[in-house]
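Below you'll find a set of structures to go through.
Next, two complexes with chain A in common: one pairs it with chain B, the other with chain C.
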Partner chain A sequence: MLPKVLEKSKFAAFATALAGEYQVVGPQLKEQSKAGGETFVFGPVTDGAALRMDYNITLLSPKKYFLPMRETLLKYTTVGHPKAEAVMDTRQRVIVGAHPCDIYATWLLDKVFSTDHKDPNYLSRRERALIIGLDCAKPCDETSFCHDMGTNYVESGFDLMMTDIGEAYFVEIATEAGQALLAKAETREAHNEDFAKRQAFMERKQGGFHKRIPVDTKYLPEILEESYDSLVWEAIGRRCFSCGSCNLVCPTCYCFDITDKLNLDLTSGTRERTVDSCQLDNFASVAGGESFREQRSSRLRHRFFRKAKYIQEAFGRKGCVGCGRCDRNCVAKINSVETYTQIAGSR
Partner chain B sequence: MSAKPKLAFFSFASCEGCQLQVINCEDELVALLGAVEIVNFREAIDERRDDYDIAFVEGSITRPEDEHEVKEIRERAKILVAFGACATIGGINAIKNFQPQEKVSQYVYGDQAATFPSYPARPVHDLVKVDLKLHGCPISKSEFLEACKCLLAGKQFTVPNYPVCVTCKLAENVCLYQKGMTCLGVVTRAGCDPMCPTFGNKCIGCRGLIDHPNVNAAFDVLEDLGLTLEEVTKDFTMFDGCHKEITEKK
Partner chain C sequence: MTTLSESPVLQESPYVPRFGTIVESRMLTAQEKFFRIVMEDGRPLDYKPGQFVEVSIFGIGEAPISICSSPTQGGFFELTVRKAGMVTAKMHELNTGDTVGIRGPFGNGFDPAAIKGQNVLFVAGGLGLAPARGLIRWVFDRRADYKDVTLLVGARTPADLLFRDEIKEWQSRPDCQTLVTVDRADETWTGNKGVITRLFRKIKIDPANTFAVIVGPPIMFKFAVLEVLSEGVPENHVICSLERRMKCGLGKCGHCQIRNVYVCQEGPVFTYDFVKKLREGI
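Take a look at the complex of A and B:
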């Protein structure tokens, strides 16, 4: 389908029009520091003007709309004949402004939640969600290492992809559903000069990203394999709080815990799912009190192995998209680029 | 246990604010009273009976006469719940543990100090077996209600063994460290639905340390941010003075 051009001045009206039919979620300002630094989150909007398409990165990725941090899976009652009723989120949702890295992460989560056991709650949300991507010309900040992970360009996984070409967005249409969405916007055909501007954007983008890990990340699975007993894990583990922040903000982490919550009548309740973290003390604890990863260093190593080796082996792509959220949120300042660099260098 | 389990609340060295939190469960009180009978609750009712099944014990143990009383409660109760920071970790009262006891007594009681003997504050589990700890200063209402439901249903109530950071991430809070502040949330047990960080205040550790906290890393991080060892220790001894990880640091 041929691309269209959407003037920036008409973007807010487009998002507002979508909000009449869908739950529209997109980047918004969460907090502004005294020094002027801004922190963004994805959140629902009814007025498209609230969207901050100039955002760099959000605290949590759009994953929270597919695998919420907390969700109710079912409601049950044990009075008489026990009954359980599944709780499904069937809202039609449009995610606006997802960056390529977060779109890659969604691709991975789709694989995870549709392989073997098909997760009905994830899939229900995912099938009802449309994604309007927003391309980026430069890394979010100095913490990003998306170029190393090869996620700063995406070819699929979105319905529309917008590129900033100055006064307007160049909108690629990837799906029919995306085309139907765009029908709600006042767009025009893309002319030669629009294509040229989009080309110029791509050239700027090529110059805007630099690799930060000295080794090609395609070798990371083997490098990690060799590093299993490296003292580097022990050294970094000493600094680690095992607080789980890295996992909880990660766009590709998908571990969760399920608990039943009783109502005060003690005969009915809900089954709740909450995202979990392999860094936490009790994560690998089992009945009898045994824990398979008792040491902070082994839990930390496990996370890096998941990100750059195990998930690659299971699903064909790395479990890390290089967004850097883990590093930004690490109080101990444990840094992925430094860790991979040290591991590669310590062989 | 009979059809309607009997609950009792007791307090030792504390402000009774945790008991007040029970009364604050306004929306759920009617349902709670439908499920239990409260037989001893100085904060709210006149009745005082000793035929309780579950005893909620608030406060730290800091006087010789407390010992006898808490042991008696333990003997009577089928289940004993340490209720609030003073009871679970010594809490604020343990600040005095780091000062000369005579000086502390004189500061509070003046020339009557000898009439009110007291010693360093101890959490309830130092004296008697505790079946469940509900942490916090004050306790969390929702955690109290969850624990009640579990106790009544004979289901295990799991006290979180993860730090406040987890719940801050669930709430999508901006990390206070990113705002140039400090926070004890990295080693402090969660369960507070992180009220303090959510409203821009640092976690002061009222729920005590998680199991196996990386206290060394916390001291390193806080000192890197310009706090002196004395300041960091002061932060940690506000509530966590009875934790061996902190006393060893002292």
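Take a look at the complex of A and C:
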């Protein structure tokens, strides 16, 4: 399908029009520090003017709309014979402004939750969600290492992809559903000069990203395997507080816990899924008290092995998209690029 | 099913349990309670010995429990539940006639066909006797399919010993050798004393034709595997059933992972030649 051009001045009206039919979620300002630093989050909007398409990175990725921090799996009653029924979120949603790394992460979660045992709660949300991507010309900040992970370009996983060409967005149409969405916007055909501007963007983009990990990340699975016994894990693990912040903000982490919540009537309630963290000390412990990853270093190593080895081996793509959220939010300033660099050097 | 909006239902949820009725229950020890359960919908649990179920008590939660029976015995299944957390404590309050939620069976379970025609040596420590019992009963129910059967059973104290009556029955069987030991004896105990590996001195193993099935607390595996390997049993004939924290049973939640292996999917039963490569397995 031929691309279209959407003037920036008409973007807010487009998002507002979508909000009439869908839950529209996109980047918004959460808070501003005294120094002027801005923190962005994905959140629902009814007025498209609230969207900040110039955002760099959000606190959490759009994952929260597919695998929320907390969600209800079942509701039940225990009066007489116990009864339970599944609960699904079936809202139609449009995710606006997802960056390529977050779109990559969604591809991975799709794989995880549709392979072998399908997860109806994830898929119910995902199948009803449309994604309008927003390409980026440069890394969000100095913490990002998306270029190393090969996630700053995406070929698929979105319905529309917008590129900033100055006064307007160049909009690629990837799916028919995307085309139907775009019908609600006042767009025009893309002309030669628009294609030229997009080309200029892509050239800027090519020069805008630099690799930061000294080794090619395609070797990380083998490098990690060789590093299993390295003391580097213990050295870095000593700094780790096992707080789990890295897992909480990660766009590809999908481990979870399931707990029951009883209503005040004590005869009905819900079974809830909450995101969990493999860094917490009881994550792998059993009822008898045994913990199978007792050391912080073994938990830290497990996280890195999942991100750059296990998930790659299972699904063909890395479990890390290089967004750097884990590093930005690490209380102990543990840094992925430094860790991979140190591990690669310690073989 | 309830939806948050008005759209139609997607598919059935693997998180919704079926229901089972407790048709028999009794205390085995002060800490362990035995349940026999029949599925309410008339569709028996299609399981293999060594698999596990998620037992569900609404308002409290779910707990993974090994099946301790064999499908050769009929349309029911049995669980041995140690009181260790909130769900299992609540289960101890349940009795014959009560209802529990059941998801599963999950995991690979033992493969009784793979050890057919061979000698079988069971090494079961503590609560490990529960999952092992499923295969033990299978072997006794299909006794002609197997050659020499040896059972080594260990418990911390005589009071901790599970299935005491059944063990007596096994001991009286002419077609198997059953040895029991306790780590700490009391004045009533006249049998073997010491850790389970000491029983290896009392038995003979034909290493080329023996499968060893080892189930017990984490600390026991290393020493028990060492014993059977030192007898010359090949590593791929050493079968271990590992305990991990299975939460979802669907290979997603991550709690049971040993490196890249989801124990709820590929396990809990592994041969030693596989599990040793995991490094974090035993």
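Everything that follows uses one rule, which is that the second predicted complex is superposed on the first by the 347 of 347 C-alpha atoms of A that agree within 3 Å, B and C clash if a C-alpha of one lies under 4 Å from a C-alpha of the other, contacts with A are read in each partner's own complex, and residues count from 1 in each chain.
Keep in mind that, in the parts below, contacts are C-beta pairs under 8 Å (C-beta built on N, C-alpha and C of every residue); 3 or more make two chains touch, one makes a residue touch a chain.
Everything quoted here is computed from the prediction, not taken from an experiment.
S.K.: Would you sort A:Glu290 into first (chain B), second (chain C), both or neither based on which partner it touches?
M.R.: second
S.K.: In the overlay, answer first, second, both or neither for which of chain B and chain C A:Leu74 touches.
M.R.: Only chain C is touched by A:Leu74; chain B is not.
S.K.: Which partner chains sit in contact with A:Leu266 here, chain B, chain C, both or neither? Use first/second/both/neither.
M.R.: So A:Leu266 meets both chain B and chain C here.
S.K.: Return first, second, both or neither, reflecting whether A:Ala137 touches chain B, chain C, both chains, or no partner chain.
M.R.: neither
S.K.: Using the superposition on chain A described above, determine whether A:Met53 touches chain B (first), chain C (second), both, or neither.
M.R.: Touch status of A:Met53: no partner.
S.K.: Of the partners chain B and chain C, which touch A:Asp257 in the superposed model: first, second, both, neither?
M.R.: After superposition on chain A, A:Asp257 lies in contact with chain C alone.
S.K.: On the A-aligned overlay, A:Ala177 touches which partner chain: chain B = first, chain C = second, or both, or neither?
M.R.: neither
S.K.: In the three-chain superposition, say which chain, chain B or chain C, touches more residues of chain A.
M.R.: More residues of chain A are touched by C.
S.K.: Using the superposition on chain A described above, determine whether A:Ala12 touches chain B (first), chain C (second), both, or neither.
M.R.: neither
S.K.: Taking the superposition on A as described, I'd like to know which of chain B and chain C A:Val331 touches: first, second, both or neither.
M.R.: First partner only.
S.K.: Same chain A residues contacting chain B and chain C, which ones?
M.R.: 259, 262, 266.
S.K.: Help me check something: in the complex, which residues belonging to chain C touch chain A?
M.R.: That would be residues 1-17, 19, 58-63, 82, 84-85, 88, 99, 101, 127, 217-218, 243-245, 247-248, 250-260, 265, 279-280 of chain C.
S.K.: Could you pull out which chain B residues touch chain A in their complex?
M.R.: Residue list for chain B touching chain A: 28, 31-32, 34-35, 145-146, 148-150, 152-153, 155, 158, 161-163, 165-166, 168-170, 172, 174-175, 177-180, 185-187, 210-214, 216-218, 220-221.
S.K.: Using the touch definition from the top, list the residues of chain A that touch chain C in their complex.
M.R.: 73-78, 81-82, 84-92, 112-113, 116-121, 123-124, 127-128, 228, 254-260, 262, 266, 269, 271, 276, 278, 283-288, 290, 292-293, 298, 302, 305-306, 309-310, 313-314
S.K.: For a test of understanding, state which residues of chain A touch chain B in their complex under the given definition.
M.R.: Touching chain B: residues 30-31, 33, 39, 41, 59-60, 64, 69-70, 238-245, 248-249, 259, 261-266, 274-275, 277, 280-282, 296, 328-329, 331-332 of chain A.
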